[in-house]
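Labels A, B, C and D are assigned to the chains in the order they are written; within every chain, residues are numbered from 1.
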Amino acid sequence: MALYLLILLPLLGAVLALLGVAPRKVSLLASLATLGLGLVLLLGYNPRLADPLSAPSAAQFQYVADLPVVPSIGLGLKVGVDGLGLMMVVLAGLVSLCAVQVAPAEREEDGAYFACLLFITAGCVGAFVSLDLFFFYAFHELALIPTFLLIGIWGHGERVAAAWKITIYLALGSFILLIGLLWLYLSFPAEVRTFDLLKLYQFAERGALEGAPQKEIFLVLLAGFGVLISLFPFHTWAPQGYAAAPTPAAMLHAGVLKKFGLFGLLRVAYPLLPEGAREATGILVVLLIGNLLWVGLAAIAQRSLDSLLGYSSVMHMGYAFLGLASLSPIGQSGTALLLFAHGLSVAALFAIMGEVRDRTGTTRLDELGGLAQRMPFLSVCFGFAMFASIGLPGFANFVSELLVFFGAFGVDGVHVGKRMAGDGLWIIFSPLQVGVIAGLWGVVISAVYMLRAYRRIFWGVLPDALREQTDPPLAARWPYALLIVGLMAIGFWPRLLLDVIKPGLGVQPTPAAQAGR
Amino acid sequence: MLPWLVLLAPLVAAGVILLVTRGSRALSAWISVGAVAVSFVASVALFLGPDLRSSVDWLRFDVLEGISLAVPFGVTVDSLSKTMLLVVTGVGLLVHVYSLGYMHGDRGEARYFACLSLFMFSMLGIVLADNFVMMFIFWELVGASSYLLIGHWFERPSAAEASKKAFLMNRIGDFGFMFGILLIWGMFGTVVFADLPGGIERLIGGVDAMRLTDPVQAATLSKRLTSFLTLAVLGIFCGAVGKSAQMPLHTWLPDAMEGPTPVSALIHAATMVAAGVYMLVRVSFLLPFAPSAMTVIAWVGIITAFVAALMAVQQDDIKRVLAYSTLSQLGYMVSAVGLAASGAAMFHLFTHAFFKALLFLAAGSIIHGMHHEQDIWQMGGLKNKQVITFFTFLVGALALAGLPYLTSGFYSKDAILYAAAGKSIPIFVLGLITAFLTAFYMTRLFLAVFFGKPRSEKAKTAHESPLVMWLPLVILAVPSVIFGFPFITSAFQLDAGHHEAGAIPVPMLAALAFLLGVGNGLWIYARREHDPIRISLLARKFYFDEIYAGLVRVTQDLAARIAGFLDRYLIDGLLVRGASALTFGAGFVLRFFQVGSAQSYAMVFALGAVLLLWVALR
Amino acid sequence: MSAITLNDYLLVSGILFAVGLFGVLVRRNIIVIYMCLEIMLNAANLALVAFSRFHVAPDGMPDYHGQALVFFIITVAAAEVAVGLAIIVALYRTRQTTQIDEINKLQY
Amino acid sequence: MNPLYLETAVILLGLGLILAEAFAETVEKRTFAWVAIAGLAAVLVLTFFVDPGTAAPGDNWRRFYATDGAAMFFKRFALVTTILVLLMALDYLPVVQRYIAGARPGAGLGEFLTLPVFTCAGLMWMASAKDLTMIFVSLELVTVSFYVLVAYMRRNSASLEAGVKYLILGALSTGFLVYGLVWTYGLSGHTALDQIGPALAALPPESGGAVFFAFVLVLVGLGFKIAAAPFQLWVPDVYQGAPTPITAFLSVGSKAAGFIVLMRVLDVFLSVPSVVPKAGLVLVGVTVATLVYGNLAALPQTNLKRLLAYSSIAHAGYLLVAVTSVLPSAGGTPPPIPMGATVAFYLGGYLLMTILAFAVMVAAGNHLPGDEIIHFNGLAKRSPALAFGLLVGMASLAGVPFTVGFFGKFFVFAGAVARGQWLLVAVGTVAVACGFYYYLKVVRAMYFQPPVPGQETAIPLSGPTRAVVVALAALILFLGVWPQPALNLFPGAR
């Protein structure tokens, strides 16, 4: 039942905000309550009950509750979370809280604005806790119209064009996804057909999907989810949309909503269609290298911070896909952690970008400069977020990328003597390993564009036009700090999350600490 | 718990400064100094104590099928790290103290000390790391703190660019490093240093066992093992190339002199850049299995040493001369590792840390006295105005140039030359020429700075630095002299042993090189007001910067532009917008059915019916 | 001369239907078009009667279901004509025309 | 109670009203509407108490009158639609008044409010029709009353033009339909659908062509009713010209009736094995054409009424997708929700959202210069309630989750995927994406754009209108979360 409450909290906040009851305060409270409840549930979650080797069951998914909706086809609002889901809920609460806070002051009384934000949050939370294919999908789509409104009404620059593009593109992607999910559902024999994920896991483990066109279903799901995650070459909605979106919307969308696709791949596509996933690895690797290198290079070519961050967030999805494609628990754990890490870091970056845009009126790199002299706080925060984004150790992103690299590199084993790639003396790397190498170079690329942006915006000579800029007031600084603290906490001690999410990914829980090995 | 104290004290200091005391410059500075003092004392205690290891599970994945991953967060204290700890905390402490004076009154003093503490934490992490991943973590953190410190005066475009360049060059090196780590892990399933020798033995044992049953396969496997290891070692070496500024990734180090001088002394001379060498020494047990990689390492090192020395000859900025000399000395060390003389490399690292820190701090003192003038041809006659600095700089310069038998630099360089002489004559010859050049450019520098007439207003009004600044110089002068002596080397368990050099009289030749260098320097530069020789190829550093700028332009920037263009006009324009325009256009065309005339509707109606009937009755 | 078969009726009915359809498609006057539509309905009536006549029940009588339908069709056609002509008259009052090609204000 | 009484009651209600209207000149015309609404509501209540009963040997009426669940569902559907249309018509009266210029205020309005009752009776009969004669007569009752209603505003040339177009094309389609019915009768010798099926199946194979000929003619006639391509060209023009409540009625009632007849007829023809493959081909072709035309041609549309007309075609396309899922296919499985239930559910949702959209149009229309989309600019500021209502309606039409429209599409495409109709799925995907564009265009106008200068005043709302808008929006959202109550209304849906 707690999970229903979790979904209802932001919805309730949204309704209250819509009715005009102190919109920002209500929204802050609702987000805080979501975050708080999420954390409480996370603390109460016991990963040791889960058996990583058997199909996920109610032991792994806790707080399970069910509410039949269309019983005849096995459709119901079934909820339940494992560590991964809880992590995502906490992420949604955290980013939502910060997003509401950084909303500009002139929106203070705009109930619809905050309601839209909370609808996105509610949709995300709902998707993350759903154990029903239908509602899993439906909750994600709840965010579609609010996003359209947020960008179209309160956006920047070419807001209307961007609103169209992001909405139509995502609607198309979602529909492809829906087709994929339906296909998956219908591939189960009629007598075990259900939307209940827990049951599907068990049926799939018993071989219910043998003979199903796994690869085709997987590819349809990949295309659908891929559009939502901005998989190359379906990514062009992202930079434009994020550049035009109001800051909080960009934070929520890039930070949380976009993660839905990856979450879905982890939750649905990979566990249910392992054979399909294996056969599709080659295609996926090609596309993700596009994310890493092509989009990375395109990010270098950007001349304004908003689109640069947009491209950057697209590029980092390449790592997430690499981890997924590895099919290894290590790599997929990396991806799972990256959901959290990237969510926080990109939210922080967009928040700061928005603050800079609101204060200076521009995001063009050549019009900015030397802001660190006038905005020390923002520049430090941006520095932290930038370091996180380019995968510096000490931040959660690094751990995620590290796991992704290890997972993807080791899966095909260069184990001499065990399995050796290629003939002769030359070393031949598997596609995944080539992906890892691209990813490693992507780390360099991301440093190139982020450092350049930092150099152009915060360092160097302060233009006369920007002499009067100031930092945000003390009371408005906590969102930035909160996001960065979150990143560093996980960066320093990744087991805070990893220990909880691992069982869901087929890994044994970490044994009790061993000192003095 | 002591190693953890060593490691974490500076981190705590950095955190406290950032979060609490950043408003108070003095307090921040003292917190930072206090932290490094704690680390130093604890290091001394560790040095006197036994070897130990301690670790906790940081990441651990026990996978049933496939390779498991375990990354402990651990520290290892052995003779190697003990020595390095003392160097790092010792020099670090002195530099911190020195900074109290040098950075006094700087607007960003608190930030400076926070970053310096962060650097100490990172550097100590590298020293103590017991596995590859942890080393990589601190490796990167060192790069980041170096980035922040080089960019301390971020409002200067040159500093901002230099810090960016340093970080990116390091990142390129780290690309190879991580790749090497992945390969090592892929081969042995572990990243812990202590477990690797066992892993190698297992593999080789396996191959050997196979020789009896399937010799052909065993031979292939053996060769394959070598090529994998070679690739891995080269990858790891890439990291060292970046961090230790070896060719061809050396160009960041001279630019890094944009940072405050104490930073140059600590990071870009004594410790961080030596981390590459330290790391190579740490993993030197891998090297014998990858002989061709060793050759590469030796040659890269010695070429760097030689080319950097050449470039140093024509530099006018006092810090840049020292920076190139650092490059050159690092080249020696790297080369030594490649020559299987990692003991000698470590020895030279050890001595170099002190005399190079001394030189930089002295240079800082000069710059401080010269009101931040760094051009040596604007100086002159400083020997009377900055007496302490003069003498201590002299000690440092002699140690660097390798005054035979009296300075530490001579002994350690000698050890490397011995190793070279025993392994490869071309490397040995290059090493000797480098030694000659070193003596030559240091003489040039020394004469231009301290002798002759003051050549500018600033030089005329130069003054000695305060106590906190000259005291570290004096303290550092002592080890610069004595740390090559046998009683010290044995105390630190350094390998000063003279490798088998055949019939070559190494010390004689080295002394000769020193004398020739100094003599030539005196001959050319005594009582000169300007530089009598101008070799623009050397002054412009072999045009490396220009070539790289061009290279980046034609590769990365061009590729970026193409990708950006195609992304915008091909993927987004043609495919996405094109599809949407096509759909929209189709809708627009379809509207022409809707001409408004009922009769045409009826026509379509009838034709539709006929079409369906045709399908039906076909 | 052989007897008239069902096919002959159907042929005539088909021709009538085609004539009606053709008229609807080419004539310009709405009244004429309306008459053509009635021809189509009557084509159906003819066919119905023919079918009805040739579906002989066991007692030798035709199948009256079809013939009943004919009456319904005639009735409905009458109703349609009543309403239709009223509309056409109203149209003529506002537009002063009964030419179909002039009635195209609503388009696209 | 015998279900036959339901239609009788409605017809009697209509007759009574029209007579009363003719003689009681002093009574306010709105009263008739309220009486009609009350009467229809009463009948709606009665539908829950009728006893369909079981076939007894003497029940000749059962030969042409179905009393199954689908029939009852569509009867209620017709009643609800008519009630809502009448409510809407009340708001629309001023406009009608303007264009009929009666001798005194209120003159000539009575029929506008009472004719829909006859239409409703026709729709209800259609729901039960399972005899060719019955199908024809009830269908014509609906059509002929629509002729009058569409052309009702006799001083408005658009209304008249729409009326003429509807008249000609309607009659044309009737011609095809009748001809098809005649052939069906001729081939089988029966007029009752129950008997036609076995009779057709017993025909020798060489007469397959003739059966198919009949099938296509019937399909053409019904295609007109449901607005399937290529028989849909009348839709935009007629919808635009007709009085708005009648447009809504056409769009919902006429289409629903068309679909129930189509389903009953298809049931018969698909029981003939030789017809199935080609019938599939024809159906899929018509479906694709309908989806493509409805969605693509809607993209450049600037008039909201026409937009809803194209949308009506588009939804006919989705409904046809559901209908095709009745076709057996190789390797496919039956749809999870049976075809009839899917269509019924979809139509139910379509009823709610379309009526909602038209209701908002009518309510706002009195204060807007016209029904172009730009006239709705800034509606969010002038009347948040109406704007939100239209937002919900548009979201549901577009198929956003947690609206009933999404569940409809979900069931529809579940059927298509189950049957492996990949062409339809692919075209449907494009169609849905297009739909998002043109429906959200309305949202964009309401929310993104400022009001037209001079049109900034708030829009007053009458109580009934507000109630209708709120109730419809709430229902759309409620059924979007929990569709089971609606599915329960259709017994075949399990």
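As a working rule, contacts are C-beta pairs under 8 Å (C-beta built on N, C-alpha and C of every residue); 3 or more make two chains touch, one makes a residue touch a chain.
Source: prediction; values computed, not measured.
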Query raised in the report: How short can a path of touching chains from chain A to chain C be, counted in steps?
Result: 2
Requested in this report: Go through the assembly and pull out the chains touching chain B as well as chain D.
Outcome: A, C
Query raised in the report: What is the identifier of the chain with the smallest separation between its Cα mean and the overall Cα mean?
Result: A
Report summary line: The larger set of C-beta contacts, choosing between C-D and A-D, lies at C-D
Query raised in the report: Roughly how many whole angstrom separate the Cα centroids of chain A and chain D?
Result: 43
Query raised in the report: chain C to chain D: how many Å between their CA centres?
Result: 26
Requested in this report: Could you grab the centroid distance between chain A and chain B? Build each centroid from C-alpha atoms only and quote it in angstrom.
Outcome: 35
Query - Interchain centroid distance [CA atoms averaged], chain B/chain C, Å - result: 95
Query raised in the report: Got the chain D residues that touch at least 2 other chains?
Result: 164-165, 168, 172, 236-237
Query raised in the report: Of all the residues in chain B, which ones touch at least 2 other chains?
Result: 591, 594, 596, 598, 602, 606
Report task. Enumerate the residues of chain C that touch no fewer than two other chains. Result -> 21, 24, 33, 100, 103-108
Query - Each pair of chains that touches, named by its two labels - result: A-B, A-D, B-C, B-D, C-D
Query raised in the report: Which of the residues in chain D end up touching chain A in this complex?
Result: 333-334, 336-337, 391, 395, 398, 400-402, 406, 410, 413-414, 417-418, 425, 429, 432-433, 436-437, 440, 443-444, 447-448, 481-484, 487, 493-494
Report summary line: In their shared complex, chain B is touched by residues of chain A numbered 53, 165, 168-169, 233, 235-237, 240, 294-295, 297-302, 328-330, 333, 370, 372-373, 383, 387, 392-394, 398-399, 402-403, 405-407, 409-411, 413-417, 420, 425-427, 436-437, 440-441, 443-444, 447-448, 451-452, 455, 458-462, 493-495, 498, 502, 507-508, 510-511, 513-517
Report task. Note which residues of chain B are touching chain A in the complex, please. Result -> 53-64, 66-67, 69, 72, 74, 133, 136-138, 140-141, 144, 147-148, 151, 154-157, 160-161, 164, 167-168, 171-172, 174-175, 178-179, 182-183, 185-187, 189, 203, 206-207, 220-221, 223-225, 227-228, 231, 556-557, 559-565, 567-568, 571-572, 575-576, 580
Requested in this report: Provide the residue numbers of chain D that touch chain C in the complex, in ascending order.
Outcome: 132-133, 136-137, 140, 144, 147-148, 151, 154-158, 160-165, 167-168, 171-172, 174-175, 178-179, 181-183, 185-186, 189-191, 236-237, 240-241, 306
**Report entry** In the complex, chain B residues that touch chain C
**Finding:** 591-592, 594-599, 602-603, 606
